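You will see two complexes here that share chain A, one where it goes with chain B and one where it goes with chain C.
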Partner chain A sequence: MIPLLEVNDLVVRYPAGSLFGALKGEPRKVTVLAGVSLKLNQGETLGLVGESGSGKTTLGRAIGGMTPMSSGSITLAGVGATGRKDGFWKEMRRNVGFMFQDPMAALDPRMLLSASITEPLAVTGTGRAERRRLSVDLLREVGLSPDFAARYPHQISGGQARRVTVARALALRPRLVIADEPTAGLDLSVQGELLNLLNTIQADSGVSFLFITHNLAVARHVTDRIAVMYLGRIVETARTADIFARPAHPYTRALLSTHSTDTSAGLLKGEVPSLRRRPGGCEFHTRCPIAADRCRSEAPNERAVATDHLVRCHFPLVPASEATEQAPLNHQPVVRSLA
Partner chain B sequence: MTTVEETPPVSAPPALKALPGWSTVRRLLSSPSGAIALVVVVALVFCAVFAPLVAPYDPVQIAPRIRFQGPSLEHWLGTDQLGRDVLSRVIFGTRVAFKVALSGTAAALLLGLVLGIVAGLGKSWIDGVLLLVCDAMRSLPMILFALAVVAIYGPSMATLITVITFSMAPGYFRVVRNQVLVLRNMDFVVASQSMGASLGRVAITHLVPNLIGPIIVLIAMDIPAVIGIESGLSFLGQGIQPPEASWGTMLSDGYSFLRQAPHLAIASGLPVIVATIAFTFLGEALRDVLDPKSSRGR
Partner chain C sequence: MTAIIDMNDFSITYAGERGPVPAVRGVNLTLEKGRILGLVGESGSGKSSLVSAMLALLPKSAKVSGRLSIGADDLYALSEAQRRAMRGQRLATVSQDPFTALNPVIRIGAQLVEFQHRLKGISRSQKLERAREMLARVGISDPGTRLTQYPHQLSGGLRQRVAIAAALLVNPSILIADEPTTALDATTEAEVIEIIRELRGAVDGSIVFVTHDMGVVARLCDDVAVMYAGELVESGPVAEVLERPQHPYTRALLACDPARIETPSRSLPTIPGTVPSPHALPAGCIFSPRCGAVIDICRSVRPAFLPSDQSRVACHRTEAS
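Take a look at the complex of A and B:
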């Protein structure tokens, strides 16, 4: 099966640092994404988790065409890959919807919601009457009454603004929606409603989601697979149930421990290292509880510890031999809708 | 004044009714200084627009027999050294003052808006060049610049408007450019660009509507200054030329005959003061009303 979205060895560098810093030997560029590869199937929800600064948002923005790529490639099934001469991004934009982290900031304060929602349609040249009709449809689809069309962003609540950005992301009937922290800043009941809404939309349209979040409970609820990011790299990818049942990377285990109730302290020590001074070897060794000499000198390659379970670690917590024996391990119930 | 009350047509396409139009005016009227200022400004605009209907006499009609008359029932503000009706001249002077002030600021605004958006969105070297020109303009003392231009091109209304345009534009340019630099990194602008919107589209649909609020306030605050410039240059004989009526030239006449007929200086000086204060108050009231924080509570 051809994946819908394929990202290969994506690197994003930002220019940064002062001339003074350069004189001290600091690099002028910061590598925010250090070679990220991922695959996303049609109708699937891939969760992107990690601490702040791990590059989740940058990855989403790069796929959405908002951050220039330094190298690597993005392929969308049926559209082609970056570097295609005749306007890859133009086609890409028709197929990818984006939801920003802060829904209020993503809506023009001086623009009616109907205009904001249908802005992607306006850009692609849909007529005004058609847009007005579609804005009502879209509002209904995200569970808002049509009179929201004539309101301004400051007249609605955060949860409603979130729904409006969902409507806008869906305006072009994309095959992929990138949702950056869609539950941030919402209280629990509104979060639940929103996640159910996204589930319904996926069940109805078969859209794929790239779901960026640091909330593991949310990720567990909505994702099919999870990619864990650390310092601009994906350190572990697996089906959601496997991530929670058998985390193979020490970083994943640490993240899970901060999320679960039994806080086994001491799993994560210290701070996230500066992107400007990336540690040598395995970049997690400065905080890893099981780091060995090898970790300090040699960067681990990605390896499979089970089917669909990739990890970037010299000493994965689930050894490859053991993985097969552990097959009937207690499965976590995962709430999923049919895609 | 229509340009102050109405939101500009550029923001109109998505919605006309809910834009800050009438509600702005209503809230403007709710503060005493704003209401008085608005009434005075509207009255002045009325005088300017309908000067030939409002004025009781022809402002340039000479009547040597009735020179230097004080206020009377026939001539409410008296007559000047050539027997012309002062009230009529003040009313026509309003017209001149507004013509110069409004067309000058409108041209300056257009120039500043276009160049500011270009500088804010464009390549950094374009920004650099425009900033350099703008700062060079701003470093020139206004009155020196004006006198130099008048010396070259001769005093006329067109020269006056040109001088005002080029001396006000750098201020608008600066404000617009800095605002654009902020706006271009806001999510809704980034989102619009990620949808494939062209820079022109972004400028018209997102930048201009978000820029116009602070600029309207700036304009209302600047108009008194521009009226001052017009009167000042006319007073110095470098602006509007006689026999056309201008507050500045009338003030200059009044100054010459201050002992004989003090009402001349008073009658032409008062409107300058009233217009200046009214616009300043209007600008301040508008600033309070258009402040997004105070409007959010509605």
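Take a look at the complex of A and C:
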């Protein structure tokens, strides 16, 4: 089966730092995504979890072509992009719907909701009357009455605003929806309604979701697979049930333990390191409870610890006999490409 | 046991454009010394209004009735000046957003000294030394350096720890933490909660922890009070309320929490209906329009807040059983 979305060794760097800093030998660029590879099948939901600054949002934006990539490639529904070639992006963006983090900020306060919802259709040259008609259909799909079409963002609640952004994300009938923290700030009862809505839409249309969240409790219910990010890298990928039952990376284990009443697994000490001063070796060793000498000097390659279960750690928390080092797929080890 | 906070039929009404807004109605709640109370409720439940009332920070347009006592003092029988004096000494708060709680253009040390301006008889250098000690107590490494830094040089977790240190410097008898971890990452949140748990002995009184996260309540609090649409519907010891919730709203709220649902499910429970507007409150029980266990009396008579086992519950069905 050909995956709907394939991201290969994606690197995103931002210019940063000052001339003064450069004279002191500091890098002029900050690497936000340090070689990310992932696959997403049609109709599947992939959860992207990690702390703030781990690069979740940047990855989502890069897949939608909103953040220029420095190297690597993205292939969506058979169309590939490796740089800023606009032709590719235009074709790709038709297949991607976006739900941004803050729904109120994502809606233009001076635009009627009908106009906001159908704005993505402008690219297809759909006429105004047709767009208004479609907005009513989309509103109905997300469980809002047609009279919302003639309202402004300030006239609706936070939960309703989320539904409106779902409607807009669906306007182009995309094959992939990137949902950035879709339930942040929602009350528990409303959160359930929104998640159920997303699930219904997926069951009906077979759309794929890239579900960016820091809420593991939510991810456990609504995702098929989970990718855990740390400092701009995916450190572990597995089926959702496996992530929760057999987390192999110490970072994943620490994240999971923050949600249980049993904190015996140990809380993470220290701060997330700065992206400008990435630690050598395994980048998690500064906070890792089981770091050894090897972790400080040598960056771990991605290895499979079980079927569909990849982890980037020298000492994954699974029986040693099961772990086999896997040769890097079709690209150079990430560490070297950064040097 | 002495009661640090005692509320008796306490109500808050705001003057609104479309008539008075009864934001909090008839709350009866007691918090004993040395305990941590989790105040739980969704948006519009009135928990923020109640917290503002405890901090004597209600806007001028608010009218209060009933009684809210802090220790021996009836807070709203005091003069404005007396209330303000309490705020700097006996009441302290850690706010939701560690990014706006600190002044961005003043060094941490100077701010922590300023927080102690009501402490008499000690010098500025002694205050600075107290600040340094307090930073060390909240787990900040190298506190001497932090004192000379500005807020933007600190991460969110560190800033929230500075805010906790600032609140504790005044030796409050009540520390009110208003969703202090919502802006933080999961790992930082766990750290901050751990610090509050460790430092509870440093508060010569009680802690009120406002949250919507039942997991946090279970980990940190001794007592829990559940609010809905401006009323207190259930209160009691955490173990009791979380294990054997009696009010249908508490039950529904716990059922909605994805962290408490054992088997992964694509169809999550919700509470049908919406929170009533304070302008159009239902007659009888406030939760009756959304309640699955509603009976006739619920739609006409407001249930009293009565003891039931170790908890207190406002529900006709509990009284009947």
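Keep in mind that, in the parts below, the second predicted complex is superposed on the first by the 309 of 339 C-alpha atoms of A that agree within 3 Å, B and C clash if a C-alpha of one lies under 4 Å from a C-alpha of the other, contacts with A are read in each partner's own complex, and residues count from 1 in each chain.
Just so we're on the same page, a residue touches a chain if its C-beta (ideal position, glycine included) is under 8 Å from a C-beta of that chain, and two chains touch if they have at least 3 such contacts.
Just so it is clear, the model here is predicted, and its values are computed rather than measured.
After superposition on chain A, the partners chain B and chain C are accommodated together without colliding.
Contacts of A:R93 after superposition: chain B is touched, whereas chain C is not reached. Contacts of A:L216 after superposition on the shared chain: chain C is touched, whereas chain B is not.
Once the two complexes are laid over each other on the shared chain, residue contacts for A:E51 go to chain C alone; chain B is not touched. Of the two partner chains, neither chain B nor chain C is touched by A:R225. By the touch criterion defined above, A:T258 reaches chain C but does not reach chain B.
By the touch criterion defined above, A:D108 reaches chain B but does not reach chain C. Using the contact criterion defined above for the overlaid structures, shared-chain residue A:R175 touches neither chain B nor chain C, since it reaches no partner. In the superposition on chain A, contact of A:M66 is made with chain B only, not with chain C.
No C-alpha atom of chain B lies closer than 9 Å to any C-alpha atom of chain C in the overlay. Looking at the complex, you find that chain A touches chain C at residues 51-52, 158, 187-193, 195-196, 199, 214-218, 220-222, 240-241, 254-255, 257-259, 261, 263, 267-268, 271-272. Taken together, the chain B residues at the contact with chain A in this complex read 11, 14-15, 18-19, 186-188, 190-197, 201, 205-206, 209-210, 292, 295-296. Put simply, chain A touches chain B in their complex at residues 64-66, 89-90, 93, 98, 100-102, 105-112, 114-116, 119-120, 123-124, 150, 152, 154, 168. Chain C makes touch with chain A in their complex at residues 42-43, 155-158, 185-191, 194, 212, 215, 218-219, 252-253, 256-259, 261, 264-271.
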